[in-house]
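There's a structure below that I have some questions on.
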């Protein structure tokens, strides 16, 4: 493809070629946080949000979003996920709702983007369902908690 | 993820983790029926429906829909399908059109949802293409006929 | 396009051209039924299904599926939906769970396919979530209950 | 639909019915931040990331993701967007990269979710493209900056 | 958004903002050609291709692909199409199969990309269905034939 | 499925069943060409196109489109791609821009459609981004350059 690069120096950029990598069992865990008022958090816990049961809807959205990671993130590989979980934790002392997602697959590349996408879509869904009562919400601290499998071995976030 | 469950008792709900299951060869067959007037059934058979050749279009829609099962059904796993077939049978004595779909894959989980989704989308497409001449159509009896592969072995519908 | 039809007699088939139709307010209501054992129905009502709260997940799936009707059904027009609702009714006397969906839009063509798709995807999701305990379930009687708006006026299903 | 609610108290939950709302011109602006090491930020600025030009790819991903907001967020309405913009600002003093997205449409409901989704998908793409050199990145402070149009008038985030 | 451009000179690039443009009735017609052997063309005409009726399947694929143009082409606006047609013409004297697609909408921006995408996806589908008997096929001459509506008025391709 | 074919002679048509094929390492390379005026080609090379950096955007679109091949082409199998590359070559002497894409996977069926789809979507994106300055562009000569892997061995296009 050498002739194809003279106006396009980044010709080798793109997806990472994983064709020569071995399949291993991979797990990734990610977290995020939706900052909100105490009133909003209580309304979620007491299932009073008009648009529906926020955590149920956000869990489904996170799981479904995770399965579409490779459609959203340009250089991600399509992975057949073995599992995705999304869970929530009310943290009034920290001013909001924590979200945790884990993703698992047997594949040639990691599943951290799938876990991070699950958290992001779940967080956006929480925001969408509560925004009529709390426009000052914000989504923060989306990060990889840990990841196992693959050549680089286990990673645990330093924080 | 224990701390993540106190407002969310169903925290373990979600996709079934298939990470420890073995891949086996799996086949599922599903059927459904579109009830319609004799006139509509004849118009399909004689290729007189204005929107096009109903069975050709419905077959394509069923196959394409089947490939997107995991996008539609929240807890379904993404499966690389080895094959999907959709076929039709005119049954004027039963008052309509029977649809049969089979799906096959090598995977950790069954393909019954892929076969059922193929039948459902094909049936909806038949409905859509004929609805201007027959608003009283209805779609019925969508069920799994049989399934093979996997730990639970062969299933054949009792009916 | 006349020269383009000699090997392709159905050259005029395809989508209905709605370019000259006026936009009107349109509503459609559809229903379907998932036949299941009493045990399965009770497990849904008592929120004991392992994969999660069936009706919550099926509602979300039905709403999301409805928004993608034009991706699934080849000749459907893309419609900006103003509303989709999905509701359930336990009917042990009839042996299962009834599903009702309504769709609304302001557009040039009806929303019956959107309501029927919402019912179908919700029914498939119920099936998927309960299939490990009840393989003999079947989905039936998916039909249009009524539709308003558009040139053809109101339709109410004869049954 | 009254009979359809007895096992399903949240039967009225779901999308907000916007069928009776007027179309107005709507704009929303959202922001987010990707925290990263100085080395990573410099590598982005100097276009040394192996996977390609990070900001170009992330902009495209953000714009494309924004157009699919209603597919990802269950209760969002499908909106025909008039415009989406995604821009970046290197902020070494704050330890990372700021992302801003604006979305515009003429519609019955706001476009804040489209702007927030653009920011989120762009941020995830930055993360994906840089993660091989910086696993401790995290995504933060995704919030609505302002929104105009609609009955509730202008909103400007208090921060 | 001025502060958001210093590492990102192309910050104003992206979708064209059509928020201030008027909606007009728009039509676009595009064509393409699939070059193939006489044997392949005859096999299509005589419906002998193993994978199915090529033109029926390619028409459906072209129409469905056209509805997803804005998902595929990054800077395209989402348009509610009023109509898409795909037709074919056997041209043995020219060594292949001509494809023509027309798209129509009422919108703020043109539908040429929708017509061109319909032609492209239909051509790829023809290729896919015939490739086992003819690997030397190629797809050519995809171009806009004419377009009407919008500020720039009518365009007719000079060829 | 024998009873299911009497009104539907093409009942066996559809996807090729690859369930009994072995997985092999597969690579395909495809090319295409966008014919354009010298002015347009220069504007691309000098990054003066208003909608953004054409080749960057087209590369991302081609890669993302390639991952969705099985959604667009009805009889294509879903493949987990190991790699997709898209590159460009300015050829003023030939009157335009050449596009080359390669796709790689380990699978039961070839990746030529994925490479051809990458080229097609990249070409359509180039067209879309430049069409305001050059309506007479056309896309041509989309063909498979070579393919390796699978039972039929290596193929090199005769041209």
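When the chains are written out, they are named A, B, C, D, E and F in that same order, and each has its own residue count from 1.
By our rule, a contact is a pair of C-beta atoms (placed from the backbone, for glycine too) under 8 Å apart; a residue touches a chain by one contact, two chains touch by 3 or more.
As the structure is a prediction and not an experimental result, all values here were calculated from the model.
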| item | value |
| --- | --- |
| Mutual neighbours - chains that touch chain B and chain C alike | A, E |
| For chain A placed onto chain C, the superposition rotation in degrees, Cα atoms, nearest 5 | 180 |
| Reference chain C; chain at largest CA-centroid distance | F |
| Whole-Å gap separating chain D and chain F, where each centre is the average of the chain's CA atoms | 30 |
| Chain E and chain F, separation of their C-alpha mean positions in angstrom | 14 |
| Chain E residues counted as touching two or more neighbouring chains | 10, 13-16, 52-53, 56-57, 59-61, 64, 68, 74-75, 78-80 |
| Pairs of chains found to touch, sorted by chain label | A-B, A-C, A-D, A-F, B-C, B-E, B-F, C-D, C-E, D-E, D-F, E-F |
| Residue numbers on chain C that touch chain A, as the complex places them | 52-53, 56-57, 59-61, 64 |
| Residue numbers on chain C that touch chain E, as the complex places them | 1, 3-8, 10-19, 70-71, 74-75, 77-80, 107-108 |
| In the complex, chain D residues that touch chain E | 25, 44-45, 55-56, 59-60, 63-64, 67-68, 78-90, 98, 100, 102, 104-106 |
| Contacting residues of chain A [partner chain D, same complex] | 10, 13-16, 32, 47, 50-53, 57, 60-61, 64-65, 68, 72-76, 112-113, 116-117, 120-121, 123-125, 127-129, 131, 135-144, 155, 157-159 |
